[in-house]
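Both of the next two complexes hold chain A, though its partner changes from chain B to chain C.
And now, the complex of A and B:
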């Protein structure tokens, strides 16, 4: 049975979309069929990491939500060649980057129930082993809904006070929604910080396992939106850490 | 002596100076800088300090070395009024290697005292090079910290070089002095006799000390950050959290989500069919 995994953060700038792309790619490198749905409708971006030309995005999640296409029609096969070699696949359902479409969502909202149907449809039609949801930062109806249908929730946070507070609220809501598995990923940790101490403090504070403590990596910053880091630099120590997180999440 | 011979002598002198400079540049590039790079990556405090002394001794074939630091625990924050504490002592010919990872140096060496060459080097920020540390006029060793060492052993310090370790923080362009490296009894490689520290070698050791000071300061800065994160508390305002959580969980939307999530996980596939309105 497919796993639905929400990757969430309370605030923007945590590196959530970048991590989602990398974790998904690592899971696919293990020979899995992986889907990624960009539900960050207000500020989409994960498609860029997979090299999708925005001019060629004919249909997006928005079209499905307005009833203008089926969910699988909005899914693009973005399988990178190293993943193909391993027998895996990556499908991406982007959000529209057209400003009119974004404004419409903000103005009118959308039927979040249709989003749930879409998630289930995707898993079925694309025969996915795992579906990752790249959520909008913060807490709104869509993010709560994503959590409620997820088998696992990974919350990305940075080691700073605002993220700590917001993550505490997110974790509590996820508990109330009885999300079966929850984990934290501490990202952008300054190099001088002791990763072991950060892990221990965070796990103790939230009572939630930490799947990984990732450094603020210059190489990752340099690559920025130009590609999926783990595929470009598979031998980099950071890629190894992300692979380990992916293994924990999909295990 | 003819003018031609004079010119030839001058030329030879100039050429030998050029050779000496070239040879010093080679030592810097091939020996000192690699040592500095290795020091910068050293992750153990005691090992870092030991390496500074050991590598400097090796460079100038010194028989002994002592590393003094202002407040060894906070080397990067030293002030000129702090005592210079000996932290590493090595004397190869006597098989002495104390401090760092080994036993305390207190039994062998005292903190630097005013008027000594170590204190002079620290106060002036400039090296003190003593071809012979025994001051016959005053009948004292100018490297006075070694007194206890003299009391305890038959060993005598003759040639002595005290080089300040200048850090980057404060103290103007030259930086604040965070410690002093003392090297003594340079031995000629060919016959092992004690000889003064040559000016060229002094410059090489001064270059090494710049890199060593940077490594010490960098280590202290990193350690301070690590200490901060060890003390880091993940502070969560529980009352604010409770308020924010209850605002959401009391909404009808959340309650319906809860019941549908429960049904979904209980295996009722239709539970998600009628999502909450957007």
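And now, the complex of A and C:
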């Protein structure tokens, strides 16, 4: 089973963080111990889906990167009750949402090796079956490092020409970094599109398997990141599709 | 998409750096560094005042592979004087200048089992010092470096260092002056050799070049690059520039193997199993032919003049990575996987 999985998109707005939260939750619903780390230091956000706000975040990834705490000390048990019932667990390592701390990372940087140690340390200390990395869109140091330590990479894209071009760059770099397993998730596909045709087009273009083609779902948009969709609406067809993707990733 | 060669180089460099940062070897080095930083034995060299002021906490640990990957933890960019680690390199330069037969007629290849600064073990019958790694042999080797004048010889020396480390190097003037004014023992050795007809008349010229070569400033990363260059058949694996004629690499490495660690050479060859050279500045370099170079810097020395942490680091790296040259029982370490 994959231990470290990066979920990435070349451009913002693809629904990457939302999908990361949902895929992680689905994996945890299978009774697994799952970690989610927000390496999107410049524009963090995945904590919102787990109901955390600024007041709840005492220590964040930033503190670890600056050597002010251990990586486990920045991990929060956010296991939702349906996951507890199934014997799984979800830990979240958020990035700081405080403007001053984001500014400090941008100005001062940090020891990138420490991030790598932290990722490996989390898997070990929290005895994780799987660690999902919610990366910063585009390519930066954290993203490249995350990819290079990952056992699998899922790239999220919309059926859009800008996304298509950017995904080609990501795929090329991931190949150069020799990521063992790569897959694409096409998200926010308008109802008018033929999902089968989209899948075929994308697989042919990149030579990378497509793990799922997900529709642009009004119900997901309405939830507006106020919760994890697959937990709120487990019987929704979209939740079934995301569960299938989670099963592919952690298989 | 990469279109020009510069862009391709940039992409390749980015990928290489990322892989190095994410490598389990870097994590291994970090843990090793943490473990050995706690070792408090030994003391910095005190025979010249400039070396005695080194910070005993400085500790840099570097590895450069023959395919050009570079890993480092701790004080890898802290400059220090190369001291005796310059000896095999200058020996290589002498070989390139005069050829193997002539150099062999002037400096032997026999280990002495004596300390680095041993005075009188000069082989009067053969009119040559025992080997180029003890001070007598190194001074005789320095006397073989040709140039129109002392400046020209120094320029040749610095150009050689530049090829090995891939950047311009400097001589630490205060250490050079300190060595020159307090190096009575070396001066005595040189004059003894002159007396025996082992070196040419320009004793002061040879001594100056010797003190200059010892005072070249390097970092532990530089040492790893030098060691990797020797491990890579004489070609710097990062700049791809040749630093030593391929035919003389074996001379340099075999001398490092038998004589590089002074009176610790035998035990070193047995336990670590790699050609290496130490310096009283606190540096040690070790070459694993075809694989990698190790560079360590930590000023506290043991009684034999070898860096305490440096020796422990090389022992651990050789053991953990399966680098001993004569150990056929080990599979390639997964830590060295790309």
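A few remarks follow.
Everything below uses one rule, namely that the second predicted complex is superposed on the first by the 248 of 251 C-alpha atoms of A that agree within 3 Å, B and C clash if a C-alpha of one lies under 4 Å from a C-alpha of the other, contacts with A are read in each partner's own complex, and residues count from 1 in each chain.
Simple rule for what comes next: a contact is a pair of C-beta atoms (placed from the backbone, for glycine too) under 8 Å apart; a residue touches a chain by one contact, two chains touch by 3 or more.
Keep in mind that what you see is a predicted model, and the values were worked out from it rather than measured.
In this superposed model built on chain A, chain B and chain C take up the same space, so to speak, and clash.
Taking chain A as the reference, the larger set of touched residues comes from B, when chain B and chain C are compared.
Of the two partner chains, both chain B and chain C are touched by A:173. When the two structures are aligned on the shared chain, A:69 is found in touch with neither chain B nor chain C. In the superposed model, A:194 lies in contact with chain B only, and not with chain C. Under the contact criterion defined above, the residues of chain A that touch both chain B in one complex and chain C in the other are 112-113, 116-117, 120, 141, 144-145, 148-149, 168-169, 172-173, 176-178.
Partner chain B is touched in their complex by these residues of chain A: 108-117, 120, 139, 141-142, 144-145, 148-149, 159, 161, 164-165, 168-169, 172-173, 176-178, 180, 190, 192-194, 197-198, 201-202, 204-206. Put simply, chain C touches chain A in their complex at residues 1, 11-12, 14-15, 18-19, 21-22, 26-27, 30, 73, 338. Remark: chain B residues 221-222, 225-226, 229-230, 232-237, 240-241, 244-245, 248-249, 253-254, 257-258, 260-262, 264-265, 269, 272-278 touch chain A in the complex.
The touching residues of chain A, counted against chain C in their complex, run 112-113, 116-117, 120, 141, 144-145, 147-149, 168-169, 172-173, 176-178.
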